[in-house]
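Below you'll find the structures, each written out as structure tokens.
Each of the next two complexes has chain A plus one other chain: chain B in the first, chain C in the second.
Here is the complex of A and B:
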């Protein structure tokens, strides 16, 4: 181990007394808190600015003065952009929050919220609805949500039946298997789909996007998303303990099985409901936790709310690009994957994490 | 196909800068508002396009579009298959579209007469057969 992190830790041990170390910890926490507030302010600024970004009346930017005199502009901001930006905030917050929760619970930095059969389940539900029930958004979203939860339930059930390895390994295995089954189903449905009408719709859904969002959508998912995120926020300090191994966390007063199940359900419920509306939007839940851990440290007391804010910020920005960069819509999932993967490489290649606390 | 139809009917498609790669493209309503088209034609492959057009006229956001305010939003006709598709019915679609875009120059489009002539010439169907089997399936903004 010759990484700079261990050097820093060694320096810290050598140079400060225990009281000095405590001061240092508190200074870092204050710094983290400042950055958290900064992130919140940035999100509010970007979200408000997003209302003026779009294609009308000119590409990219609409001056606020237009809003006073142009009835079309008022309609666009009120009926199109506002619900869409709100949905982007919910989507990002859910994916970011769920992402960091799952990464902590599974003690695995490569886990993302769609894992455990959720994304593929939702994809299967949406494709099934498009092929057999028509493309009315109520059916597509309803079935996507239903199958997202079915994916989670099936993974849970299978994990309990497996007689092999620890629970992390069992859940991961079950999730991989369930995802594979559903993605095979999606492949079959694509094969059956009418290439003129149904196939493009399935493809667009799988790429993810928010272009069809109206007020109904954010209002529909907000109760589920907000209550799940509240559960995560209230329990966030327990996550630090859940990330320890089973015996240790138990001896620290955690009921690992119960609390883990509660937080998992909350994280996946939030994910499933936003995925049902937006389609598969990848990489947000994977990348954002990594970035915010760099910003505010790994302690979930700060990093969980930061992941929600950061996720929302990232998705709002990506969706701004998706709807205004070209005259046609760019699928949101493509942008988040492209920018997310690029950002991920950047983070991995950048400075290594410094040890804190 | 739709681009060619509009061009041949004497219209100017607004979307040429988007759809240069062929295939379908998703655009949002903002972009349509920015294009500010004179005429909007709705194509729908799984139901009646004129119902969609009618529902859009009811929509508060769509009402702000100039084409909707001027009542120039139409559903593309279809019988068993939409008339904008690459099968022989596109000629019917073309005549309908040309008349819709330029009613003053085309002098009307009698859909029943056109269809009778079309199916008699190309499929050898007699008037009664067309009347009982094909006309009931007719959908779109046609009288």
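Here is the complex of A and C:
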């Protein structure tokens, strides 16, 4: 059966000069892909260099030659810096990838992955563990992850029960309410906590950071994070369709409920896993998608992988600063918020409408 | 109870549809009932309608008459409480999802795009029905998208960001995306209501060209003159029921439109053209 509009297309092709438009399109696409590879190369370079950044044997930089002679240096690089840098990569990739996914699904460029009660749920879980079960990292991380998923589940459940607005608005409202409930719970736990031991512990966790990371942590979360990110990467072009009107995406053959739920679950599972280890690390998932969209365009076929790479790059750099700038440790969450918010303002102050040339 | 007693339903006296309207209908609704939520009032009550293949069918009705609901039913976003929706004589439920989206495309009235998609990337989304969930567009798909853009006259703007387009260009962009789907039936929701006269003229010209290329058009409109100039068939919907349906020239009368809108409609003849004046 010949479809009528293939004749339409053929006629259009014949009647108007396409003057190698396809060549131009391909050239532009290759340019986008080159930028993606550049980002990947940059990430590998920065990640490798990060193994030599820190406070030993002297501030800021350790010469690679030291590694051959100094057993202590070997120990620090292998047992402390390497898992930590790896964790930073996972954390950033998860937050960046989840951020752009959620922004597309909610059709809102101001959404971030901690949305839907995930961050506040994790915070509540961690605080609960510190007050009632002690601060052993297994309990803190386990409960943080449990409550991060509980936050998502509760938001989802409530969104189905609400009788107001469309699907997106219902999820947003449910997410806001669930976050507020958990946030009140964190307040209560802080009030109950021992002000000399438990309270500082909670506060420190809430600021976010990777200081306590050992090999166990990246290995623990890598399976969930990597499989979730793989799902998102496989559906990277399809994600575009979810940002359209409900009726349009439906007419394009999307199964909105199923596909949204699948990608949402993947994004939030990745986020919940890394938040459980690192605490609240804000602004990465909000800022990075905005920057990469300027770099490779809005099409998620390129911007989704770019957001993962860019997120990883941003967090690795922030963590380098966090552990090397001062003799103590600056909580990572403070740095990402500071740099992220500043970067966000900078990006938004620039030309808001971007035309690719 | 059907309230299509005024004016008496016109059975076409002339034209190729005579007697064979059902066989020719590419989209057909049989006694379709629909209501949101159980126990609430029905939005559509016993709608019968046929859209003949390779011609344009206009759907007219006041705000809230059920036109949008009708579109959502045809698209499959909603399911009728009762009745049948047939495409090519085959019940909609028997159509696989992807085949349906290659058969039927939608041009919405407007669309909010929060991200700065390039025009080409936006139109390329119309290729989704021709790809599996994990595929990305090929060169062939890009060529189709470029062709669709040429077809609506936006070929030169393919790199432009969609939010930077004018209202008229955005309407044309949505049309191009629907054309990239290579559909046999195009559903258009008030295709010209937001447009200035020059863009309106452009859209009409493209739609007429599509008709010569065997695409079926089904569109809603508040403008009887648009229906008269473009459509060969018209369906008038009032409060969820079909008031009148049939060939445009016999269905679109001053009396029928007065009954439809509840305010006086006059008809003037200008040469071979009929012009309606509302109010």
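Here is the rule we use: the second predicted complex is superposed on the first by the 328 of 357 C-alpha atoms of A that agree within 3 Å, B and C clash if a C-alpha of one lies under 4 Å from a C-alpha of the other, contacts with A are read in each partner's own complex, and residues count from 1 in each chain.
Just so it is clear, contacts are C-beta pairs under 8 Å (C-beta built on N, C-alpha and C of every residue); 3 or more make two chains touch, one makes a residue touch a chain.
No experiment lies behind these values; they were computed from the predicted model shown.
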* Asked: So, does A:327 touch the first partner chain B, the second partner chain C, both, or neither?
  -> first
* Asked: Thinking of the overlay built on chain A, is A:196 touched by chain B (first), by chain C (second), by both, or by neither?
  -> first
* Who wins on chain A residues touched, chain B or chain C? -> C
* Partner chain(s) touched by A:204 [first = chain B, second = chain C, both, neither] -> first
* Touching A:79, do we find chain B (first), chain C (second), both, or neither? -> first
* Answer with first, second, both or neither: which of chain B and chain C does A:104 touch in the superposed model? => second
* Asked: So, A:54: does it touch chain B (first), chain C (second), both, or neither?
  -> first
* Across the two complexes, find the residues of chain A that touch chain B and also touch chain C. => none
* **Complex interface listing, chain A residues touching chain C** => 3-13, 15-16, 18, 21-22, 25-26, 28, 103-104, 107-109, 234-238, 240-241, 243-248, 250-255, 259, 293, 297-299, 301, 353-357
* Structure fact -> Given the complex, residues on chain A that touch chain B span 54-59, 71-72, 75-76, 79-81, 134-135, 196-197, 200, 204, 209, 211, 323, 326-329
* Which residues, counting only chain B, touch chain A once they are in their complex? -> 15, 17-19, 23-31, 33-34, 45-46, 60-61, 64-65, 85
* Please name which positions on chain C make contact with chain A in the complex. => 54, 71-72, 75-77, 97-98, 100-102, 104-106, 108, 111-118, 120-121, 125-126, 128-129, 131, 133-137, 139, 142-144, 146-148, 150-151, 155, 158-161, 163-164, 174, 179, 181-184, 187, 210, 213-215
